[in-house]
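Each chain carries a letter (A, B, C, D and E) given by its place in the written order, and its residues are counted from 1.
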C-alpha cells in the first residue's frame, strides 16, 4: 500500500537501517502524519514519517524482536499508536464495506438453484452468470439509460442548485430562512406522495411536446425521470452547495469581481472551483442516487429498455414470480455498481482537480 | 477622465461607522495615498471606490459618471487587496492573467503582458507555481502583478508592499511611480510606510476614525499638519507635543516656555490651552545649533535612552526628573519627555545632562481642545527670544 | 534554557532549496531578527523551529534538547504567522484564548490574560467580533495577541507588524520589547522594516537565497557588513556601490578614484576588482563637509531627482552624463549614479551641478568577485587624499 | 533589473486602450449585475423554485386535497366525498385502513399512563423514529471515521475510497437482496453468526426486533458512505494553515479535531445528518426487500401499502403521506435549531 | 402512437417467461404462430411489453398505467388475485359484451369455473377477463422415502391422506433418512400466505374467511368466520408442525415436521431445500414439478398430490370447503378500456381461447391450460415431468379454492397474513390473533358496506 512513497523526496537518507523490517516500517509509517489531518503543503507530510524514523532508530535496541521493539517505541512515541490505529481502522472499514460485495460475488458465481450455504466460497463455480446477464436481458441498455438519466439529472441539479446555493450561501435577502425550509419540505414526503399527480401530469399530452416525444407525453422519456429525480435530489445539493459556498472568503470573490467578472462569473470561476470538494460530492451523491433510485425509475417508464427504462428494471427483470435468479441479480448488480462507483470516484477526482487546477493535489 | 470623486460617503456596519462622511476628489492621473491608524476606514473607502461595498450614504464618481451602483467590473479599476486574495486554485500565471482572460485578448498578448508584469515584480520563473508554494512576499508580488497587468484607469492598492523587504520595496516603489507616470493612471494607495507615503504621493489623505482629517501634498502634511492628529501621525518618529497655556508673552508648558505674541496666533486668546508641537529633528543640542537663525531658549534635559538607527540616532530626553518613568510610554504623549534625533556622529551618551533648543521656524501650535492647527513656524517674529526652563514637576 | 540552535538546516522543495545549510544559535532571552529579500527562506527557517516543517537535513535544538522530530505542541513555542491565519469560526476572544483553552487554565485566568493581551495590542472592545468583521491591521493584532497570551519560552514572529500604521507599530514595538525584557523570552522575529530590525534586535540574521549571510548586532551589520549583499540590504535607502579596480595607489572606479594603499586591504592585490560602498548619508556636498576629518577628493556630479522625505531629502546624483537614464533604475546598482541624503534645509535643486565628497571613515571595500567585505573605513591613513572624477561613460 | 525592457511594460505594443467604464458584455448580465442583492438572490432562486413548483409543490397540493376526501375502492373516480380531517383522525387514533397502524397508543389512568394497542415495533411511528435515530447516530460516527481515513494521504487511497463508497452505489433492491440472503438460514450464514452471538432468534427476518436490527445494519452499511463522502468534502475544504496555528499553539490531535476540524466540518456534517435523517425517516425499499413491511412497518411502508396495496385507498395514502411529512418536519426542526447555532451555518 | 409500432400491433404485458415463448426463432413453435394458426389475422402481431415478474410490482405498474389512462398496453395480464379490484374500478372492458357470443359461451363452458369467478364482475357476473392459465398449490413429496417407512402412497394422487397420516409419514421418513426438514411450505408475511398456503390449510380443515365459497367475491355483508374453531385448528396444526408438542397452542397428535424458517420463506426459498433433497414434502406451484420431477432430480420418485385434509367436505360447516384443496392462482388477460385498437385486441383475445393456443402455451412453458381437460391432451414429451401428474392437476382443478377477491381483498389479505404469520410464529396465540383479525376484517367490511350500501 505504501511501497513507493519515495517519489519526490529522494534526498532522504537514513544511514543505519539495513534491516528490511525496519525498512518496511519506515515506509509504512510514511503514509501520513498520525492522527492528524494530512495533506498540507504535501511536502511536509512526506517528510514527517522520515523524521519519526530518525528518532525511532536512535532509540532502537538491537536485541529486541521487531514486535516488542515496536511496542516499546510506540509507547514512547504515540504517533506509532496513531498509525496502528489508522491501519486498524482502514482495514476494518475495508472489510466491513467490502465483505458483502465479496459475498455478492460468491452468490453470482454460484450456479442457479444452488444458493445454499454460501459462506466464503461459491457453491460451484459459474462465471457464466456474468455473460448470462446480458443474454437474458439487454442489461447494458438499461445501464446506458440509467447513465444518461443520471448524468442529465446531475447536470440539471448542479446548475440549478449552484445558483440557489450561491443565493442562500452568500447573499442576504429577506425570506432566506423560510425559502430554505421550503426547499427542504420536499424531502419530508415519501416519493409516493408525489406519484399520483405526477403520473397524471406525465401522461397528459402537451401539444408542445409532440415533436419531441411523439405522443406529447413525458411518459417513457428520460424527462419523466430527470425532472422528478432532479427535483427530489436538488434539496440535498442545494444544502451541500450552500454550506460550501458560504465558506469561501469574500475577498476572493471581491478580487474576481474587480478583475472584471460578473457576480455570476465569479461564481463559476472562483467559488465553484474553490468549493470543488463540495461540488464534486454533491455531483457524486446525486449521480449515484439517481442511478439507483427506486420509485420513479420503476413507475415512470413501461420497463422497456428502448423506452429509457433504467437499470432497476433490468435487475428486477431477473426476478421471476416464484423464483428469483439470485445469481443473475447478483451478477447484474456487480456489473451495474462497480463501474459506476469507480467511474464516479475517478470523475470526482478529475472534477476536484479540474476545478481546482491542481490546488488540492492528492 | 479617470477622476475619482467621493461625495459624503458614509459606511456603517451594525455597530461601527467605518467611514464617516468622507468627501474628496482625486484628479485624473493623481497619486493619492490614504494613511491613518489601523481600522480607520481606509480599506472600506477603497472598497466603495471599487464597488465592492455599497456606501450607506453618499455617491461615488469615476470620470464623469456616477458609479455608486455600477458593478466593479464596469468601473475600470484594478485593486491590490490587503489580504492579497490570490486564487488558490490557479497558478501564478493564471492568477495574473485572470482579468485579461476575461476579456478578448489573444493568448499571445496575454502571455506577453503577464511576462512583463511578472518582470516588473521580479517573479520571473515562478509563473507555474501555485500560491501555496510561494513565500509571503512572492504572493504579494503576484497580487500586484495581477493588478498592473490590466492597465486600468484607476488603481486601488491596499498596502501592496507590506510584505516586501526594503530593497524590493524601493524597487516596487519606483516601478509603481514609473507606471503612474507613463500610464497616467489615477492611483489610490494605502500604506503604513511613511517613506512610501511621502515619496510616492501627490497628495496624502489622512483618515482617523472614519473621518477625513487632511488631504494635501506630503510635505504640506508634514510641515503644516491641519491638526494635532495629522501632526502626530505623519512623521516617524512622531512629533513631540507639549500641552501649555497661552500667557501674555508666550506659551507656558509644564517644563519650558516659548516666547511668542499671542496676537499672532489666530483664533485663541491669552489663557487658552494651546499645544506646542516640534519634530524630533527640530530639537537640537544647544551647543551645536549655532547655524540656525531662530531657536528657543535652551531647555535643560537629561538623556534617557539612545536608539541608534544607523543613519540617525534617537535620543529620548527627560525634561523633569521623575520616578518610575520607563521608555515604554510613548514619548510623544508624555509631556515630560522629548525625542530628539541627531546624526550618528554626534557626541551624546545615555544619562547625560545637556541643553537643547527648538527650531522656532519649525514649531507648531494647536488648539488643545479641538486639536486644530493654529500656526506653523514662529520665525517671522524678529525680536530675540529668551526661553526659560520651567521647574515644574 | 530556551536557547534555540539550528545545525546545518537545509530544506528543499521539489525544485527550490528554501533554506541552505543554515547554522545559528539564539541565546536564551535573545531577540534575533531574520531579514532578507522576499523568498529567502525566513519563514521556512521559522517553521523548522516551530516544528511545522521537518528540515530535509540538519537538526534543531531548543534548550538542551534535540527537537527536530518533536511535535510543535511539545516545543513550547508560540508563533505569529505571516498569513495571520485566524480561526474563522471563533471570535476574537476565542482566537486569542485558543492556546490557553488547550491547557488547564480556569476561565477567570483565561479572561484576565486575554484582556491583558488585547490591551497590549489595543483591541479592547473588539473581543466579540468575528475575524471577518475586522480590518487588516486588527486581524494582525489578534494574531499577535494569540501568540503573546501564551507566554511560551520562544516566540516566533513572522512579520507581526506588517499591516500596522507607524504609530501603532512603534507602540507594538515597545510592547514587544517590554515583553521580551520582562519575560526573558527568546524571540525570533522576521521583519522588512529596517527601523524595527535595528531598534528591537539584539542581533540581526541576514539571509539570502536560503543562506545565512551574517548574524551580528544591528550596528555591526550596518557599519561592518560581512559582504556586499548585507551592505546593500541593510540600510534604507541602500548603500551606493561603485565597481572599481585596485591600482597602485588607490581604487579606480568608472567615475572617480579613491586614494588608498592596496597593502592595507587584506586579501587582494593590485589589479583585482574591488567594489567601493558608501551610504547615502556619508556622501556630503563638498562645500558643507568642512567639519569631517577625512574626506575623499571632490567628485563632480549633477543632481537628478530630489526626494524629500520630511526629515531628510534624497538627492540622486549623476556622475556621468548619459542618455536614456531614468530614475527607475536602482541607484544603488547603477554605477553612474550616487544617492546622497541631506537635511531638508540644505540648499539643493534638481539639475544642479555640484561637487560631493565621501566620508573616508565610512567607506567600505568589497571583493567584487566573492562580495566579501575587505575593509570598513579608510580613515587610519594619514596622508592627504586627492580624488578625481573619471570621464568614462 | 527587471524593468530593463525598452518598451514600457504594459503599454508598449498594446492596441487595447485602457479599460473604459462602459458597461461591457451582455445587457442581460448587466441588468442582473445591477440588481440589488435581494433581487439578485431571488433571480437565482427562480430556476430551483420553478422546478420544485412543478414537480413538488403542485403535486403536494393535489395530494393534500386528496387527503381530505373519502376513500373509494370501486368505480372510476378514485376519491369519494369531502370528509375534512377524518382521515387524519383515523390515522392518529389507530383506526385507519392499514395493516399496521401509524401509531396505536391510548392514554390510560394507570402507570405508565399510556397503553399500547400493539407492540412498539409494530407501530410505524416508533419503528421509524427508532430506526432514524439509531441509524443516523451510527452512520455519523462510522462516516466520520471513514472520512478521516480517506482524508489521510496514503498510497492506494483512491481505491480505499472506491471501496468505502461502493455500498452507497448499490441499488436498494440489491442491498436488500444481500441482507435478505445473508439472513436467509438456507443461504447465508448471518443468522448462524448472530444466533451464536446470542443476539438473534432462529428466523430473524420474521421477527420484528431481529429484522429491525438487520435493517439497521444494512442501512448503516450502505449509508455510512454518504456521511463519509460529505464529511470528507468538509474536511478537505478546511484551510490547512489553521492546523499549523493550532499545532504550534499546542493542540493535541484530539484537540485539533475538537476545536478546529469539528466546528469547521460542522456545517457539512449537519447537512449530511439532516438529509440522512430525512432519508432514514422515509425508509421503505430496504424493508420491502428484506423483512417486509409487515414485520418492520415504517411510515413510508404505510404510504406505499396504502397507495399501491391494491385496494384503492388513495385518500388514506395521501393522509398518511402528509402525516409522515409532519413527523419528519418536527424532527427536522430540531436540526434547524442546531443550524442556528452553527458558525458558517445556513441561516 | 409512435416508437415504431405498426398499426397492426397489439401490445400486451407479460414477464420474461411469456416473452420467451411469444416469439421464437424461425421455425420453432411460438405463441404468435399458434395465434395465427387459431385464425388471427396474419397481419396482426402481438408484442410484449415486458414487465417484472413479481406480482405485486406488476399490479403497481398496471395500476399506474390504468390510473393515468395510458395505452398501450392494450391487453393487461392480470393476476387472478387482483383482477376484480381493477374490474370494480372500471379499468377493464366488459368482454361478455365485447367478444362475440360464441366465444363467450365457449369460455363459460370450457374454462375452469373457479378461474372464471375471479375474472367476472362481482355484481353483473359478466366476464372482464379471459383466463390465460391457472395455477394450483400442490404437495410435492418424496414417494420413495415415504414408502420406505411403510406408508402406501399409491392412492394419494387421487385420494390425498389426512394431515395426520401425512404428517406422521413425513416425520417418520425424515427421521429414517436423517433429513434436515420434513415438510416445507411458505409462511412469510406476504400475499401468498393469505391467498394460498393458509387458505389451503384452512379449507382442508373446513374453515373459511367469510363462511363458504358463495361469499367469496362480494364484500360488505358477509359473515366473518376466521375465529371459527376450524380455522383455529388449522393454525394449531401448523403450530404443531413448526413448534412441536412443547407449544401449548399446538394441536395434539401432530408431530413437528416443519422448520421455523418457513415463516420467512416464500416460493423460491422454500423450494431450494426440497430440491436439494433436504426435505420430505413440500408445497408449491406446478412449476416446481419441472425442477423436482426431472430425471436428474427425483424423477419418478417425486410424488405430487393436492393438499391433505382433516375435515371432509361433508363434515364442513360451510359450503365448498373441507376435503382436499388446491389454492388457485393464475393469470387473466383483460382489455384496457383505453386501448385504441380494441378490435384487433379482441381478435387476439379470441385467438387465445383456442385450445391449440392453450396447448402450445402449456407445452412451451408449462402454463396450465384454463380448460383443465386439455392437460390430458398435451403431448407428454413436450410438457416434461408434469405429464405424469395430470390426474392430480385434474383433481386440483376440481378442488381449487379461490381467495376472496374483492375490491378490498388486498387490504384484507394484508391483515390476514399479518395475523396468521404472528400466530404461526408463536408471537400471538391463535385465538388472540384470529379475534384481532376478525375485528379488523369487520371494520374493513363495514367500510365497504357504508360506502356501497351493502
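The rule is short, and it goes like this: a residue touches a chain if its C-beta (ideal position, glycine included) is under 8 Å from a C-beta of that chain, and two chains touch if they have at least 3 such contacts.
Model, not experiment: these values are computed from the prediction.
Engineer: Indicate the lowest number of steps between subunit B and subunit E, counting one step per move to a touching chain.
Structural biologist: The fewest steps needed to get from subunit B to subunit E is 2.
Engineer: For subunit A and subunit E, which third chains touch each of them?
Structural biologist: Per touch definition, common to subunit A and subunit E: D.
Engineer: Treat touching chains as neighbours: how many steps, at the fewest, connect subunit C to subunit D?
Structural biologist: 1
Engineer: With centres defined as the mean of C-alpha atoms, identify the chain lying farthest from subunit B.
Structural biologist: Chain centre farthest from subunit B's centre: E.
Engineer: Quick check for you: compute each chain's CA centroid and the global CA centroid, then name the chain with the smallest gap between them.
Structural biologist: It is chain A that sits nearest the middle.
Engineer: Top contact pair of chains, counted by C-beta pairs?
Structural biologist: Highest contact count among chain pairs: A-D.
Engineer: Round to the nearest whole Å and give the separation of the Cα centres of subunit A and subunit B.
Structural biologist: Comparing mean C-alpha positions, subunit B is 55 Å from subunit A.
Engineer: Need the CA-centroid distance for the pair subunit A / subunit D, whole Å please.
Structural biologist: 16
Engineer: Taking each chain's centre as the mean of its CA atoms, how far is subunit C from subunit E in angstrom?
Structural biologist: So the centroids are 96 Å from each other.
Engineer: Please list all residues of subunit D that touch 2 or more other chains.
Structural biologist: 1, 3, 19, 24-25, 30, 33, 186-187, 241, 244, 247, 308, 344
Engineer: Check each residue of subunit B and list the ones that touch at least two other chains.
Structural biologist: In subunit B, 71, 73, 83, 103, 133, 150, 171, 175, 178 touch at least two other chains.
Engineer: Enumerate the residues of subunit A that touch no fewer than two other chains.
Structural biologist: Residue numbers touching two or more other chains: 41, 115-116, 195-196, 247, 249, 260, 262-263, 274, 316, 360.
Engineer: Quick one: in the complex, what on subunit E touches subunit A?
Structural biologist: These residues of subunit E touch subunit A: 1-3, 15-17, 49-55, 57, 60-61, 64-65, 67-70, 73, 266-268, 271-273, 275-276, 284-285, 287-288, 291.
Engineer: For subunit A, which residues are in contact with subunit E within the complex?
Structural biologist: 113-116, 136-137, 195-196, 199-200, 202-203, 214-215, 217, 219-220, 298-299, 302-304, 306-307, 313, 316-317, 319-324
Engineer: Where on subunit D is subunit A touching in the complex?
Structural biologist: 19, 24-25, 29-30, 32-33, 37-38, 40-42, 44-45, 47-49, 51-52, 54-56, 58-60, 62-63, 66, 142, 145-146, 148-149, 151-158, 160-174, 177-179, 181-182, 186-189, 221, 225-226, 229-230, 232-238, 240-241, 243-244, 247, 253-254, 256-257, 261, 267-268, 271, 274-275, 278-279, 282, 284-285, 299-300, 303-304, 307-308, 314, 317-318, 321-322, 324-326, 328-329, 332, 336, 344, 346-347
Engineer: Considering the complex alone, what residue numbers of subunit D touch subunit C?
Structural biologist: 1, 3, 239, 241-242, 244-252, 255, 259-260, 263-264, 343-344
Engineer: Using the touch definition from the top, list the residues of subunit D that touch subunit E in their complex.
Structural biologist: Per the touch definition, subunit D meets subunit E at residues 70-76, 78, 80, 95, 97, 99-100, 184-187, 202-207, 291-292, 294-295, 305, 308-313.
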